[in-house]
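Here chain A shows up in two complexes: once beside chain B, once beside chain C.
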Partner chain A sequence: MFKVLRDLLRYNREFLIGFILTASLVIYASLHFFSPYDNTAIYLLPPDMPPSPDYWLGTTSRGQDIFWQISAALWNTMTFGITVTVISRMLALTMGMISGYIGGRGDRVLMTINDTLIALPNLPILLLVYFVMREQMNWAILAVVTACLSWNYDARIIRSVALSLRQREFTRHAVYAGMSMPQVLVRQHMPYVMPIVFFTAMNNLIFAIGIEVTLAVLGFIDLNRPTIGGMINWANQHQAIVAGVWWWIAFPIIAIVLLFLGLFLLAISINEYIDPRSRLARMGG
Partner chain B sequence: MNGFVKYLAERLFQLFLVIFLGVSLAFVITTLSPVDPVQVSLSQMTSFGAVDPRSVELMREALEELYGLQGTMLEQYFNFWRRVLTGDFGPSLSAFPTPVMTLIAAAVPWTLGLLGLSLAMTWILGNLLGALAGYFRNNTLLKLSGAAVMALHPVPAYITGLILLLLFGYAWPILPISGGAQMNLQQGFTLEYITSLIRHGLLPAMAMVLVGIGSWFISMRSLVSNIVTDDHVVYAELGGVKSRKIFSQYVARNALLPQVTGLALNLGHIFGGTVIIEFLFNYPGMGRLLIQGIYRGDYSLVLGVTTISIVAVAFAAFVLDLVYPLIDPRVRLG
Partner chain C sequence: MLTTAEAEQRTGTVLEVKNLKAYYQMNYFGVQREVRAVDDITLSIKRNEVYGIAGESSSGKSSLIKTIAGAINPPLRVVDGSVKFDFDGNFVDVYGEPGSMNSARWRHLSYIMQGSMNVLNPVRRVKRSFEDFAFEHMGLSKAEFWPRVRQHLEKLGLNPNVLEAYPHQLSGGMRQRLTIALATVCEPEFIIADEPTTALDVLVQQDVLGLIKDVQERMGSSIIFVTHDMTVHAAIADRIGIVYAGRLVEEGPSIDIFRRPQHPYTAHLISSLPRLGDPKRRQALAGKPPNLADPPPACRFHPRCPLAIDKCKTDNPPLVARETGRVACWRAGEVEVS
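== the complex of A and B ==
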């Protein structure tokens, strides 16, 4: 594991840049534990101060320090993304492995349901959930709903691997040795499927963070809890651009773009590492 | 022919299943919610002052009938289906007494135009760039443009749109940033109106293209770079077939097939992006209607737009699936 990481850092420039970007943003985000201000309190500081040695990234019209706001916001956004990823990976793994293992008619039924769920437009459904929940909507519910809407595509990929594992000699041995289906799946098949789970997890993380930013920008989650989308929403509400408070909107945008860039570079370089064909292509030229 | 009939039957079954599950899901979400929509609408209406309790009770009954919330769960479910099939979602509360369907019908052409045009542009451009980048792997210009579209790919639609809006609306104000066309112009086939239509559509369409192009680019590039090493391509190269012909007939044509399937699969996801872009640029389509409905607490409007968009996306994917046999003879011949 560490050797793989070392090799990737040494030979893969995309991975190196992505790793540095993501790692520094994670460190920046965890700094919020040492924030001198309460990150939900407002009107603590003089409002609308431009970036200066006192307030590195300026202050908002609500009297908050933007540097510490972004730090807490990144932390919350990442927590949300990781929660969604973990839940949706578990769903995709269970569904994909079972469908591939049982095969035949059961597989067809499960995959038809799966394809049906892929075809549904997920944003209108999320918005509908918000609309009927209203004030009762919090980030945990949003995470569960987002997870339920984002595992299908990956379940299909996992299932195609499980389908081929089912034909392999060791699966038959395991069954003859008296292992039950859950045992075969967890002990025998899981190790082969895990790389795909990790790789799809990166894409899922990016998707989940995108959903959170979008819904927060629209004002559809608790806006008092700092999030990047929430900051942009407040800036829009105070017409920051018209008022000339550009730093209120520019820095959150820069932060989120850097986060996406870092995660995305990690995702494509891990994908390349897992797929040997593209690794060969890289070596060839 | 037999293969095509079987293919058609499968797709048709899938279409009905998507619509059935989607509409049922919308129903389940609305009924499982802990918030009573009638109560919410009532408190919105009565918040302006004291109202006679008897008229509140009458209003409650009227709203329950309007929302189709009378009777048992099963009755409500069938009632909901009747509404979907007849396309009658009742009047909109925020634009009373205009029926929800009228509002949706007015919004559909805008979304269809914006989404259709920008999606076609995105798909063609992304696949062309991706195929070229996969085939001519050492071209610096292609590498650079590839890096640019891939960097934009993970950024959510709202952020990309917002950056465009700030650039072309405030920093260098050359394009209109709100609405579908100039307000005071008469709709029609005049040069002035069409120019205004294009100018207003340019920024949202640009945002859509920038948001979507990366994923087509990435998948097309990897498809092409896999096909390039296939035996038939190597054989053609050795046989002296012109590289232009190899690219278009041997490589790109094969790689396009999964991209068409991918388009049908991703329509639902792409529609989500349109919702956000329309709202951001105040474009008078389905997406803006949906989000406005949410802000105004308009229950029938939100339910109507959600259901119609589920059905519309399923139909669009079905139409794409019907086109597929035209380009893939294997399905046609069975």
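== the complex of A and C ==
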């Protein structure tokens, strides 16, 4: 694992840039644990202060320090994204592998569920869930719902691999040697499927963060918890642009664009690394 | 591990196949089709014996051996008959109660599958494959298991360090040898091998055959194997069974099959082998093996048989005992090997 990372950093410029971007944003986000202010408190500081040595990225109209707000917001947004990714990867992995392995009627049932979920539009369903569960809604429930809506495509990819693995000699051999289905899936098939899980995880993370920002900008989320989308929403509420408080809306957007860029570069370079031919071409043999 | 004297003492019957019928039963779009790949086969194999099954492609060799191993999946189904093993008083009826095979797998009975050099999982180290396939069946602790595996590999002339390798780092011959090591690490009484040397060049093939023979002699186990390559049969088989169109047509000690074939089909099979210093052109047998979904009536070989008489078209010849083996032909023994 360490060697792979070192090779990627040495030979792949996209990965290097993506890695530096993402890593520095993660460090920045984890700084919020040392924040001098309470993240949810308002009117602590003079409002509408432009960026200055005292307040590096300025303050909001609600009297919050934008530097520390973005730090906490990035942390929450990434937590949401990673939660969605982990849950949806587990769903995709189990559904895809089981469906491909058992085949026949079970496969058809699972894939019908899968295709139904693919056909449903994500955003209206999330809004519906939000309105139905308004009272109990928090980020964890939203993460579970988003995860349930985003495993489908990848389950199909994993299933297609599992279909082929099922026919290989080592699977038949394992079954003949008396291994049970969970043993075959976990010990024989999972190592084969994990690279797919990793690279789809990156795309899924980007998707999840995008969903969270979209919902927060529209206000369909707990707005007292700092998130990137939540900050943009508040800035709009206070008509930050009209009021000339451009730093309130510009810096969260820059932060999220940098995060997307970093993750995107990581995703494409990992894709390239997983394909051995492009990897060899890049490393010169 | 047995001494040679002990190995020679094991002479009872270890495998008993009786009237085995296994058909591919398919029902596509309301059309019922039945392919009789294994049709009424009876054979038995003694301890310490190497039994070879020969026949051309699509004659049902692999189906037969899969059925014997109990490794069949639909649409292939056993319609009738039985396959029974006797491992030193440990009886296993493969198509008896479900689950009766479980105690025997790997411990008493191992199966080298077709394309067996691919049984090692490409994304896992070789030692993990050993752990997955053999560990549970040996009843040893981890501390005893690994020395045993290493010792076994050394006995087979393999460097135990290959355990740390991934399959793609090894050559095809090496993987094949590892597969044989994997199949024999539990020292089973019975080994089933489906085309164990296909896809290897003659030199590696020689090596692998020597290895199989060596293991078999050392452990006093029995082997049943399938291949269309008659030279492999000549090299290791004690007895050979010739399969044509799902039926056993002749069976006998290897030497008799090669020297004095009784069935016209066997005779053609033998005479198609090239011989040193013989410039004569080899005659191909006209026609092709019959479609097993719609086989010819009575003797299935009669449309291609140069000796066919009217009786062959109406009555199926039974497999009857001759001096040394068994043969199913109305005109057995009348054929000459060219």
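By definition in this document, the second predicted complex is superposed on the first by the 276 of 285 C-alpha atoms of A that agree within 3 Å, B and C clash if a C-alpha of one lies under 4 Å from a C-alpha of the other, contacts with A are read in each partner's own complex, and residues count from 1 in each chain.
Throughout what follows, a contact is a pair of C-beta atoms (placed from the backbone, for glycine too) under 8 Å apart; a residue touches a chain by one contact, two chains touch by 3 or more.
Note that this is a predicted model, so its numbers are computed, not measured.
**Q** Taking the superposition as given, does A:V129 touch the first partner, chain B, the second, chain C, both, or neither?
**A** first
**Q** Determine, under the contact definition given at the top, whether A:D115 touches first (chain B), second (chain C), both, or neither.
**A** In the superposition, A:D115 touches chain B alone.
**Q** In the overlaid three-chain picture, which partner chain does A:F170 touch, first (chain B) or second (chain C), both, or neither?
**A** Second partner only.
**Q** Touch check for A:R6: first (chain B), second (chain C), both, or neither?
**A** neither
**Q** Of the two partners chain B and chain C, indicate the one touching more residues belonging to chain A.
**A** Greater contact footprint in residues on chain A: B.
**Q** Over in the complex, which chain B residues touch chain A? Could you list them?
**A** 14, 17-18, 21-22, 25-26, 29-30, 33-35, 37, 40, 137-138, 150-151, 153-159, 162-163, 166, 170, 218, 222, 225-226, 265, 267-269, 271-273, 275-276, 279, 290-291, 293-294, 299, 302-303, 305-306, 309-310, 313-314, 317
**Q** What part of chain C is in contact with chain A in the complex they form?
**A** Listed in rising order, the residues are 69, 71, 102, 105-106, 111, 113-116, 118-124, 128-129, 132-134, 136-137.
**Q** Inside the complex, what are the residues of chain A that reach chain B?
**A** 112-113, 115-125, 127-134, 136, 153, 206, 210-211, 213-214, 217-218, 220, 229, 232, 241, 249, 253, 256-257, 260-261, 263-264, 268, 277-278, 281, 285
**Q** Please name which positions on chain A make contact with chain C in the complex.
**A** Per the stated touch rule, the residues are 168-170, 172-174, 176-179, 183, 187-188, 191-192.
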